[in-house]
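Letters A, B, C and D mark the chains in the order given here, with residues in each chain numbered from 1 onward.
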Amino acid sequence: MEDQTSQEQASPEVRKRIQESFDRQGLMRHLGARITRIAPGCVHIALPGRPEVTQQHGYFHAGATSSIADSAGGYAALTLFLEDTEVLTVEYKINLLAPALGDHIEAIGTVLKAGRTLTVCQLEVYGVGDGRRKLVANGQQTLIRVDRPAQ
Amino acid sequence: MEDQTSQEQASPEVRKRIQESFDRQGLMRHLGARITRIAPGCVHIALPGRPEVTQQHGYFHAGATSSIADSAGGYAALTLFLEDTEVLTVEYKINLLAPALGDHIEAIGTVLKAGRTLTVCQLEVYGVGDGRRKLVANGQQTLIRVDRPAQ
Amino acid sequence: MEDQTSQEQASPEVRKRIQESFDRQGLMRHLGARITRIAPGCVHIALPGRPEVTQQHGYFHAGATSSIADSAGGYAALTLFLEDTEVLTVEYKINLLAPALGDHIEAIGTVLKAGRTLTVCQLEVYGVGDGRRKLVANGQQTLIRVDRPAQ
Amino acid sequence: MEDQTSQEQASPEVRKRIQESFDRQGLMRHLGARITRIAPGCVHIALPGRPEVTQQHGYFHAGATSSIADSAGGYAALTLFLEDTEVLTVEYKINLLAPALGDHIEAIGTVLKAGRTLTVCQLEVYGVGDGRRKLVANGQQTLIRVDRPAQ
């Protein structure tokens, strides 16, 4: 998978922690999304195309595109924090640059700045299919660290 | 359903057109969302709480919240245009103000400015339950008018 | 000055504190902006039109529009906090809805949600002149509370 | 000036056209900003630090930071269009990542996607001084092409 960020993977502990959190996100499972990469400060999430994630013209719905982008950014931030930390999305902004088509779309969340309280991530979503890979959405997200809620 | 905007409904023709478009949005059906109000320049969409729309703590996922907000804004814009017009989301920004909890959440899209090419909507999402109604997200969306694609 | 929010003024102490902070904003003075209202959770800032605040067509520059909107939101937040608190802008998003023309523009910052750490404000800017008052920009801003830096 | 984008300059005709438009932006002159690079799809604008561009703590005001970022993005878009085209800012979102300090700040606007009607730019602002160069703001901007207004 071609991209410009670090090729290193996160540690097994971090990957396990993030995968387990992701598995508790009912929406991700319901949409059919899966994590495809967990690196320090960078997480990829893929979403296969199927009628359950479309808008009225058959493209990926902006909400589906945004959902995996939001999760990718949140988990990218989480790779940088300790076990007892959670992050919540404060806000995000996303531009839908092109109709989202393809076998699947892939969101990439990349930490731009990790702070003590706030973290800012860049969000990108690519449409992938027929040997093409096209940027279909681009955004920016602010997250806040919080104490992990009691389980 | 209490709100501060115009109580008038859109015309039957407009409501039918918007409901039919909404019914073609596979994502809305898959999430379990339904339109609850279609007024000129203002559309409400409700989403019942269930495990399929949650994040890792059991709250509504920001992606679910955003998805119905995005659709509500898009259809609010569409109420103001003629039959052969479609709108596409150019971009939106949303703040998640509070954990989204409740029997259901309700998104309200309201046209702030409708232009020849671009329309700007305000997006609000409320968590509703136990007799409470709380603003959980607030955003702003830009849409573009396009020729309706061939069916 | 017509608007829909609370007509009450902030306390003299709050108004003094905010006016003094505003007077230390070199940019506001350099642009020619002045505070026209300080109410709890709501601050207005006016900017007269003159060549020093224009873009290439003679309209108010988006940067001038945004500058007073950002300050209005920041001070709206500050009205709600104690004396030893400062707020910093985390981010904002603004839509330029119409060419900003008029004798002056007026920004209104209104707190949408004040939290322990983060505050979210709505930003509006009106073009005022010739008896007209027109919404020319609309936005949303996130602020963070910080300890007041040593003077 | 180190950066990762194309090192090529725009054509003399394009540079002349953009410099002349910039020179008509009263706000840029009033702030003391100047264009430092005009490349195809990428424009840099520098703003020296001085009391006239500060907020209450002596940092660059978010409005000053945003103003040059907005202009940099607008002119980056304009490099790609023909002589009789203008662009207007539809909206932008900017995160203030760190207090903006330095001898000067430098905004870089880079076209992410140029479309027939809309163009999306990435906005970055760096604080530069004492041999350091630090990202202090990051944003995203949507612009629309319009017919050049009669002069």
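In this text, contacts are C-beta pairs under 8 Å (C-beta built on N, C-alpha and C of every residue); 3 or more make two chains touch, one makes a residue touch a chain.
Everything numeric in this text was worked out from a predicted model, so none of it was measured.
K.L.:
Based on the averaged CA atom positions, which chain is farthest from chain A?
P.N.:
C
K.L.:
Where in A-D, B-D or C-D does the A-B interface recur, with over half of the contact pairs identical by residue number?
P.N.:
Checking each pair in A-D, B-D or C-D, only one repeats A-B, namely C-D.
K.L.:
Which pair, B-C or C-D, has more C-beta contacts?
P.N.:
C-D is joined by more C-beta pairs in contact.
K.L.:
Provide the C-alpha centroid distance between chain B and chain C, rounded to the nearest whole angstrom.
P.N.:
So the centroids are 29 Å from each other.
K.L.:
Would you mind pulling out the distance in Å between where the CA atoms of chain A average out and where those of chain C do?
P.N.:
The separation of the two C-alpha centroids amounts to 34 Å.
K.L.:
Using mean C-alpha positions as chain centres, tell me how far chain C is from chain D in Å, no decimals.
P.N.:
Going by mean C-alpha positions, chain C sits 23 Å from chain D.
K.L.:
Among the residues of chain D, which are close enough to touch at least two other chains?
P.N.:
Within chain D, the residues that touch at least two other chains are 90-91, 93, 95, 120, 140, 142.
K.L.:
Given which chains touch which, is the overall layout a line, a ring, a star, complete, or other?
P.N.:
Looks like everything touches everything, fully connected.
K.L.:
Enumerate the contact residues on chain D facing chain B in the complex.
P.N.:
90-91, 93, 117-118, 120, 140, 142, 144
K.L.:
Okay, in this complex, where on chain A does chain B touch?
P.N.:
Spelled out, the residues of chain A in touch with chain B are 21-22, 24-31, 50-57, 61-64, 66-68, 70-71, 86, 88-96, 99, 149.
K.L.:
Report the residues of chain A in contact with chain D in the complex, numbered from low to high.
P.N.:
93, 95, 97-98, 112-113, 120, 122, 135, 138-140, 142
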